[in-house]
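Here come two complexes built around chain A, the first alongside chain B, the second alongside chain C.
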Partner chain A sequence: MLRYLFKRLLLAIPVLWVMVSVIFILSRILPGTFGEQILLADEGFYGNGAKQERALAYQQLLERTNQQLPVFYVGLTPLSESNTSQNYSYLLPQFTWHGAQNQYHLWVSALLTGSLGESFASARPVNAMIGEAAANTFWILSISMVLTMLLALVLGTSMVLGKGIRLRRIILPALIVLDSFPFFVLCLLMLLLFANPDMLQLFPAFGLGFLAPGHESGFLQTLQQFPYFVLPILCLVLANLPYLTNQFYTSLAGTMQAEYIRTAHAKGLTPFQVVTHHALRNALLPVITILSDMIPALVAGAVVIEVIFAIPGIGRLLVTSVLARDFPVIVGIVVVIALVKMLSHVVADICYALVDPRIKQDAR
Partner chain B sequence: MRVLLNNVIHLWQTRWAFKLTLIYLLGLILFILLLPVMPLAYTPNQMDLQHTFLEPFVSTAHLFGTDQLGRDVLVNILYGARNGLAIAFIVMLLSTIVGTTIGAVAGYFGNTYKISRSLLLVIIATVAIIAYYGLYLPMQVKLQDLPVRVGYTSAIVGVAISFILWFAVRPLLRRASFLNKHVSFPADALTLRTIELVTSLPKLLILISVAAFAPPSVFILCVIFIFTYWTTPARLARAEMLRIKQLPYMEAALSLGLKHRQIILTQGLPNIISPVVVNFIFGVGSLLAIESTLSFLGIGLPPTFPSWGRTISGIRSDLSAWWLVVFPGGFLAITLLALHICSFYLLQLTQEKRKV
Partner chain C sequence: MRKIYPFLYCFFLFFSFCSQPQRQPDEVRVRLTSDPQTLNPANYSDPSGLRVINLLFNSLLGVDLADNELKPVLAESMPLIEQKGATTHITYELREAAKWTNGSAITSDDIAFTLKVLKAPLVQNEQIKPQVAFIRDLILDEENNRKFTFVCEGFTPEMELLSGDFFILPAYLFDPENLLKSIPVAAFSDSLSKLENNKNIKAFAARFNTAAFNNSGQQLQGSAGYVLEKWAPGQYLTLKQKDDWWGKSINVPHLTANPKRITLQVIPENTPALLALKNRQLDVLEDIPAREFDQLKTNKALLKDYTLFTPASYGSVYVGLNSRLPKFSDKETRQAIAHLLDVANYIKITQQQYATPTVGIIPPNLKEYYNTDLKPYAFNLVKAKALLTKAGWQQRQSGWFRNVNGTVQQLTIKLSYKASNTVLEATALIFQESAAKLTIPVEVEAQEGNLFNTNCREHNFEMMLRTLNGNPFAFNFEPLLHTSHAEKGGTNYTGFGNAESDALLQQINKAGTKAEKARLLKELQAVMYSEATFIPLYYLKERLAIHKRFGNTKVSGLKPYYDVSAFLLQK
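The block that comes next holds the complex of A and B.
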């Protein structure tokens, strides 16, 4: 088992490495660098300074953020006015070797020591920024995931039990309708219904309340923040419920056709016992994969939900840094999410082995 | 292909829900196509700053009200439908074509397709040449504002070198005995690795981060969409191809002396198309949702681009303007529902057939 896990990890790391590197390099070679707006004439905050001062400020910014260095170890010599107007030398690609002083090398060597770099915009370490934001996201996502799973389990089980057919006729179409609301529309509708003075003002709409750090104990603070979490969690549950319930139901309905279920019925077990003791464990197997694949959906959900409900989490950090073109933060979030996804796959593998002893046998 | 059409007709006759959704979708498409000739009082970006946040059904001039800049909601919904569906349809069409081709070829040839070393060498060289002369140099010309002449010259040189490679160098290379040996080309493994690479990160994360690096433009966004969406049709087409490759009619076609290309096109594609079509319809829905999510977040699309998401995002400046969410959001949900129902019935039918 351990050897199998190790092999999976070894195979997953290069893939992730390539993908994250591509994202990093894309962030640096695509046109538009951070701080470019300084150079814009007669516009914005920097508009008052002389042109030279602005150029100097831009140069200093580039040096502070290492953006003036070449991107990769090897680079093509860029075209310029001089080598295109006179001769045709640009038609021959010229490679130049930049050595270790390049942005990619610096980024990777920082990453290997565990640092994700410094934010362009605020000059704070990205690790700290992500660390602050991660807690809120983590709680919202994990609570909503557990709730969704429980609800889906209850719904799926009740649909295969005795009078399930009638229930199925109502639930399945309702879930399809629910599924066709895009997530952000669903959130906004909830917001309009439950946090609006014109309709029902049951919950606070935005943010996490006024925080007074060190003033109250952690538990009290959590209690105080609880109303702010209700709507986001409700939205996430509603958004993920249709898919998960459908998967549970299909998997359970398939298992209920098996021979050993008939045997269990013949033994005289009640239908409820048959499901809980015999069917559920086998039906859970495909659901594990689905759960580990749900991470992308959850990330998408986190982005939308944190923007709409103004919760300071990873998704909101991502969107604000995208709008500010703060590349180190974006790339840092990509790295963190990639790691989380890889870990979730490993956890899924372990769960597989726990649920299904046959897999453990095979892996040896 | 004919099977698919028969399926649709069968569903049309037996399921009223399918009929209803198909009528809705066709009506929507017709409406969108007629949009340029329709007598609309406003253009989607026309601002009426006297009447911002006008409530719906109070003024006959703005039936569905106006948003924070006084843009007419009804007109924006119509144009948003056009833009959203156009992007979703074109992107999904292109990514389905790309994905199905790659998947079908990978599934058909597997890892055993023999290719001579000289051909492999020439192919790799051609790809590198096209990348340099066809992509890198024109991009540099565009970025650095160099004369257009440079771009043309590089394109012509690129084409000329590839021609020389294929028609002069390749016959020469064939003469060398070392280069004439055949090696197996791992098409299947290569495809699988690439798919794994692209799907190793969540779609929305790739979309948001790459859209952040590039300046907001519809074209770039479409390219990123295609880059992330081709994997599903490729996987489906590969799996189907692996399944039907074992069937007798493929063997019969091969023994009749058909070429591989003919077999894939005439025998393979028509038989692997139905899951791909189901995925196509589903993908159009998911692209509609993602496009409006991105424009709601204000990422990737220029702010002058009329879209459902842009209209909805007006709610962020005034929470009591419910009509900004309810009308475009409702439209979006109904369209998605129609697409879901469509693909659901088609999927159900194909699955039933497979069991029999």
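The block that comes next holds the complex of A and C.
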């Protein structure tokens, strides 16, 4: 099994590499560069510096941040610059070799030493920025994922048990209604319902509270911040619950039709025992795949959650960086998300093996 | 019975959240829409960063929001400006009482040091560097170490403002090894390539470019009344009043540091910010959306604690037509389009009446400069039709057509604006409907911010909607309207102007008296009105709420619309 996992990890590395490289190149091709606002300083009732001085300062910024270098080893000559009047050579792309002096090469060289670079905007190491932001996102995503899974499991199981039909008539339409809410609207609704003095003022509306200097860590901090996490976690749970419950239910309902389940019933086991001892293991297999695929969706949810609830995390850092064209931070976050995604697939493989021993055998 | 216990625990835990965090009465809490990118006083670029740095560092001059006048801050008085041939000399004297956090006096050496930092190569200063490029040298007064003269290149009306509008840095704290002291200011104004290899500059830049100069309270200690107590990234910043700030010892009303503590809470979205206000967790909230502001006006509970303000701001919305395009090259066509702009409706729908229509680029509240002889363009289909016919357009069943360079061209409009701006989006859609009444097809296109800016600079647009921020201090419209800025990459996006308007813009900059400036500005408004290339629609009214326990709030139309350092607890 370990050999199998090791093989999976090795295979994942080139995929990860290609994915991150594509993101790196695409992000740099986006219109706009970091610091472009230097050129726009004239848009007012007076000029904030002469035009040529601003162009010089902008050039200095590009050089400091290596943005003036070509993006990749190879470049394509724009059609407007290529000689199209003489022949039909423009039908084939014209490549230019840039050598090692390119942004990608410099970034990869730094990455191999464990550095994701420095933020253009704050000059802080990207590793440190992501490290700071990741904690909140990790807790919100982990807790919401566990809660969603448990709730979906309970609801899915309840719907296939004895009085399940009656329960199904209530739960399934309710989940469809819940699923029809756009996530952004759901978050705002929760805020307006549970953090509003005009309705129910049960939870704080924003942030993670204030901590006096010197009281930044420890159990008290966690306890004080707990209420601030309730609404964001609740929103993520409600957003993911319909899909996951439906998958659990469909998978369980299918398994319940199998011959061995009939045998289990014939043995005199209670319906609950049949589900928990026999049906659940097999029904879990497709759900594990879904759970491992949920990670990127959860990160997308974290973007909305963190912006609306003013919680500092990976999602909000990503939004801020994209708007500011802070490329090292954007690519750093993508690397981290891709890594998590890769690890989640490995964890899914382990879970498969635990749930179904036949997979372990095949791996050998 | 046992089954009830978990429910009871959950019930009590649930309701234990109900209480809101306790507030200190002498703490002012305001909202920031984004975390500051940096607090580096030599390289800030975002409004959030500027707001914080303003409370940590002083500049020579500053705006008193009580009357929107430019006043001396670190300077003893307004500068003496003398034009000497091709140069302008601007002389300042620093206040005797002005001190750094360690108690040492602020001297001309600090001004020289600041200029060197802002001009030096290799140093992170690109955002501010162009602003001080016009200062070529600094002459220190030999007898008075608080007096100095900036030697500036040429003359522009905004020189007074710009010469006093950068934060003065403490040399003792930022350059304890005196690495820059031996290099004269003038050396930084020549070609910087020689200095790039200077060992001292390299050593200084290596230290200055570290994160500590961007976010550390230990390092970011200026001459203003506050120090950075804590920055929780993505959450909040707290600033603590200095115990023995020099500004308290002199009786200058616009030099203030009244609240003991200021907290700037980062809340990106409007809904939680409004809830924070309703929960009494914010003392000030600005930029309140118009609809929500109207709801707050009817919220009696809130009005017991908060006062609502609507100062006339210097922010406006304008329409730009690309006059380089053959279809918009004649002013009759542009005027016809101006008559399709239903400004009254835009103000009613997008601003809930919190805006004032304008005839030109000058804000209507600046009465001495505003041209009251003109009437804003009103929505008028008959006039629009007549003007199009006059311009040679012929109405057919499918629209308006004209012969351009031998080919028949239909009058179509592509209207672009920055995506995610709901006000501009609604405005564009209303215009689309208005134009449809005259069978003019309008394609509305929301563009990503950077793409929109790039397209404007590259003249890759037909008609655009854009916002513009002004002020009451300087009226140098050359970058926006002069033909020398109309090439690709320049900021005269619309291609407005000709030799006459260029001369007028230059005359405005040289105007010796207020009366002359007023006359020329009114003339400019008339020219812009007639050309209808750059069509200002309305000036906004800011909407903000401030807690009633504070007085002396200095609410103003200038950003950030109030002076938080002036807030005084009401007795």
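The rule is short, and it goes like this: the second predicted complex is superposed on the first by the 330 of 364 C-alpha atoms of A that agree within 3 Å, B and C clash if a C-alpha of one lies under 4 Å from a C-alpha of the other, contacts with A are read in each partner's own complex, and residues count from 1 in each chain.
Everything below uses one rule, namely that a contact is a pair of C-beta atoms (placed from the backbone, for glycine too) under 8 Å apart; a residue touches a chain by one contact, two chains touch by 3 or more.
Worth saying up front: this structure is predicted, and the values here are computed from it rather than measured.
In the superposition on chain A, contact of A:295 is made with chain B only, not with chain C.
In the superposed model, A:188 lies in contact with both chain B and chain C. By the touch criterion defined above, A:350 reaches neither chain B nor chain C.
Once the two complexes are laid over each other on the shared chain, residue contacts for A:307 go to chain B and to chain C alike.
Once the two complexes are overlaid on the shared chain, A:61 sits against chain C while remaining clear of chain B. When the shared chain is aligned, chain B and chain C each come close enough to touch A:323. After overlaying the two complexes on the shared chain, residue contacts for A:174 are found with neither chain B nor chain C. Using the contact criterion defined above for the overlaid structures, shared-chain residue A:53 touches chain C, although it does not reach chain B.
In the superposed pair of complexes, A:124 makes contact with chain C only, with no contact to chain B. Residue overlap on chain A between the chain B contacts of one complex and the chain C contacts of the other covers 30-32, 188, 191-192, 196-198, 205, 307, 323, 325. Within the complex formed with chain A, the residues of chain C that make contact are 14-18, 20-21, 34-35, 37-38, 45, 121-122, 124, 126-127, 129-134, 156-158, 161-162, 209-211, 214-215, 229-230, 232-236, 238, 263, 265-269, 271-273, 275-276, 278-279, 281, 301, 448-451, 453-454, 457, 468-471, 473-480, 485, 489-491.
Those residues of chain A that touch chain C in the shared complex are 30-32, 35-51, 53-54, 56-58, 60-61, 64, 121-125, 129, 132-133, 188, 191-192, 195-198, 201-211, 213, 227, 230, 307-313, 316-317, 320, 323-325. Listing the residues of chain A that touch chain B in their complex gives 12, 15-16, 18-19, 23, 26-27, 30-32, 76, 78-81, 84-85, 88, 90-91, 93, 176-177, 179-185, 188-189, 191-192, 196-198, 205, 295-297, 299-300, 303-304, 307, 318-319, 321-323, 325, 327, 330-331, 333-334, 337-338, 341.
Of all the residues in chain B, the ones that touch chain A in their complex are 132-133, 136-137, 140-141, 143-144, 146-147, 150, 153-154, 157, 193, 196-198, 200-206, 208-215, 285, 288-289, 292-293, 296-299, 309, 312, 315, 319-320, 322, 325-326, 329, 332-334, 336-337, 340-341, 344.
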